[in-house]
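Note that the chains are named A, B and C in the order they appear, and that numbering of residues resets to 1 at the start of each chain.
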Amino acid sequence: MTTPAQQREQRALEVSDLDVSIHPFGGTRIHPVRHAFIDVRRGEVVGLVGESGSGKTMLSRGIAGLLAPGLQPRVGGRIVVNGSDLSGAGETRRREALRTELSYVFQDPNAHLNPTMRIGRQVAEAIRPGGRTVEELLDAVGLPATEEFARLYPHQLSGGMKQRIIIACALAKRPALVIADEPTTALDVTIQDQVLRLLRSLADQEHVGILLVSHDLAAIGQFCERVFVMFDGEIVESGPTEDVLWRPRHEYTRSLMAAMREIYDVAAAAPAGTSTVPEPVRES
Amino acid sequence: MRRIGYVIPLLIGVITFTFVLVSLAPGDIVTATIGDYPASEEYLAERRAELGLDQPLIVQYVNYVLSALQGDLGYSFANRQEVLPLVVNHLGATMILVVAATVLSITIGLPLGLWAATTRRRAVDNALNLSTLVAFSIPAFWLALMAVLVFAINLALLPAHGMTTIGFVGTPIQRFGDLLSHLILPAAVLAVPETALMIRMTRASANEVLNSGYVLTAVSKGLARGRIIRRHVVRNSLLPVATVMGYTFGTMVGGSVLVEKIFGWPGMGSLLYDSVQRRDTSVVLGVVVVVAVVTLVVNVVTDVVYGVIDPKVREATAL
Amino acid sequence: MSDIVIDPTTPKASRLQRLRLGRGPTTVAAIAIVVLFALVALLAPLIAPYDPFAVSPRILEGPSADHLLGTDDTGKDILSQLIYGARVSLLIGLAAGLGSLVLGIVVGGIAGYVGGAVDNVLMRIAEIFQIMPAMLIALVIVAVIGRNTTLIAAAVIIALWPQSARIVRSQFLALRRAEFVDAARISGTPAWRIIALEIFPVAFAPAAVQAALDIGRGMLLEAGLSFLGLGDPSTSSWGGVLRRAQPFLTDAWWFSVPAGVCIALMVLSFNLIGDAMGRRGTQGRRAL
């Protein structure tokens, strides 16, 4: 038996020297992720930031084994999820890991729920034998834990509620690690904060390690203990959030922060209600 | 009510199309529709007065549309009968044929389409793709001729002509068997391009679903491939296919003109063929209008059925 | 919605692509067959061994050195009839493909670009021609007005145009709101330039795919009309050969089999070309 304290220290994810390459239909093989490393402890929220196209999604999909087979992906390097080594694992081991250890939360909740299946069943099919009930899971993500609610279809819910359902699906297997890939980008600004708070509280209460992939530096600063910065397929900087965001060492992170502050200064001067979601600016 | 607002303008459009045709034909509307059969001068005069042929074209048009909407599609001198009941009498046989072909194309096409989309073997997908293109390319009437040649003449397995054996007596079950044996060849021939269409549409639709986010969610739950296909892919792929049933029905009626003629099937297609040969134009136009009406009805029915299957539509009306 | 959907094109801006012909052995074979038939049609008077209308006393003779594909019930050489038949089939097919392409681009383009009530009316008209089966439309036009090649071509176009109009319209609708079109509009580019330079090149690809398929459909319609006795009586057509072959199905296979194979091969070739043009790399992004 492990004590909660030990569990906190336990690594949910350890990745080193990760290479991801894909071969799109009709193109040539490209290497969107090179020599990447990342680690997440249980009960911790770790941020992964970088501009779009930097390889964040490729990295997180590569870790989860969710790259489209048609892209003929190759994933090299060391991937350890909750102590079990997935390096070079085949399809069966990958699926086993997705069934028991590792969950993925996608960007657009509107696209990621089956429109013709009741939400209760969609949560239920991810539950492992002896796991929690659908009602308990709905309750855990702050949704009404009733049978009537579980019988609804996705189109009857708001975007924020749908993302909570997806998070409930992610929790159903009692995972060690949840990879949340831009989980709030498709949501209203007011809902974004709620969903991030939910993820934070799940990390604290359920001792799940959460890898929060985002380009929203404000969110990362608010919710993450540590942060990894990705640029052009490589991890260029990592460390405690405070250090990385306020005392960046890498040139790219520095320019990112400078651009951010500019946006915030402008946003502060602009009337309330204008968008405050910053888009990282590529240095050139 | 909303559906009537959809059906009526289209029906008027179809009637307008037939009016334009007879206006362009040699002779006036009445002689053009009557065709080769001699009609009495009284009938011609009566019909001309009815449609107001001495009045401006626009009045003629309005009268023509109004009488057609009321079911007055003229009189067939070749058949000595009003056109509407004549066509409707032949509708039943065509419906038997088309429904049988639809059942065939669905039961074969949907599973094959799903197979083509979900298989990991490219060769299977390519072979099915090529087969559907071949099926689209063979003229139905030639396929019918070859089917008659092989199955009815050379192998003598199935009857090649008519809907029932002339003078056949027996129990209702035997009579049904007799009908079935006559139905197999024409229905199979008619089903060939429809099956190919079903395969292609199901395949395209299933590919769309396989690309969807919710299938990725299912994969991320660690579910087995077969289970994902059964639970998440099948239903969502078949829903869009259901919506085109109304149109495929129309296509099949078009194909049945040729197929019925070859198999001597006593439906609208045979009636149409005979009427074309006799230049009995009022019947030809009548068939067009009746087919359009039936297609519209089938469209409305599939629309309603779709509403029952798709939770998005169903719950929206229930709430 | 359509009566024959070879490849239902979903208009998603991310998926629009320019025309590209996939290369494969079947595509090459299809192009070769089309070229072969086209040459035969062009050179028909030179290569046909007989006048296709010349009757002779040698009726229903099997294939021989004199008559490579035998003779029909009035002693006409079947090979010569098939050679001339390629002309009719190609003529009507190309007219169908080109005609419905042009009509589709005009009607679909206007409907998609202008939108609103104009779109509504035009699409309703297209729908009128879609609730009647294509075969029935072509048949009724020819049966009521008259039987000649021009009218048959027109009838086939009228029967087939709605589908390409729909495809072009959905492309225009999707593109009208695409970013690069907005950018052009904001920068003051006139509408005709936007349509010609920004929208048309992208919208053309799926319309061209449909045109290739329409050639095949047009050929099938023409064959069907001729088989029903509604072909142009002054031409020799594959469907017409089959019409006359029907009573002699058991006695003279050379009468009915080669003509059907010609139609099927020709239509299949255009379908294969259309399919190769329309093939998209959908497998690439699949999660499963």
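Basically, a contact is a pair of C-beta atoms (placed from the backbone, for glycine too) under 8 Å apart; a residue touches a chain by one contact, two chains touch by 3 or more.
Per UniProt, the chains are B, C = ABC transporter permease.
This structure is a prediction, so every number in the text was calculated from the model and none was measured.
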{"item": "Reference chain C; chain at largest CA-centroid distance", "value": "A"}
{"item": "Most contacted chain pair (by C-beta pair count)", "value": "B-C"}
{"item": "Whole-Å separation of chain centres (CA-atom averages), chain A against chain B", "value": "51"}
{"item": "Distance from chain C to chain B - Cα centre to Cα centre, in angstrom", "value": "21"}
{"item": "Interface hub residues of chain B, defined as touching at least two other chains", "value": "216, 219"}
{"item": "Shared-contact residues (touching 2 or more other chains) in chain C", "value": "283, 285-288"}
{"item": "Interface hub residues of chain A, defined as touching at least two other chains", "value": "66"}
{"item": "Contact set on chain B toward chain C in their complex", "value": "9-10, 13-14, 17-18, 21-22, 24-26, 32, 118, 129-130, 133-134, 136-142, 145-146, 148-149, 153, 193, 197, 200-201, 204-205, 207-208, 210-211, 215-216, 219, 225, 228-229, 233, 243-244, 247-248, 250-255, 257-258, 261-262, 272-273, 276-277, 279, 281, 284-285, 287-288, 291-292, 295-296, 299"}
{"item": "Residue ranges of chain A in contact with chain B within the complex", "value": "64, 66, 95-100, 103-104, 106, 108, 111-117, 122, 125-126, 153, 155-156, 166, 169-170, 172-173"}
{"item": "Chain B-facing residues of chain C, complex", "value": "1-8, 10, 26, 124-125, 127-136, 139-141, 143-146, 216, 220, 223-224, 227-230, 239, 242, 245-246, 249-250, 253, 256-257, 259-260, 263-265, 267-268, 271-272, 275, 282-283, 285-288"}
{"item": "Chain B residues within the chain A interface of the complex", "value": "212-214, 216-224, 231-232, 235-236, 239, 310-312, 315-316, 319"}
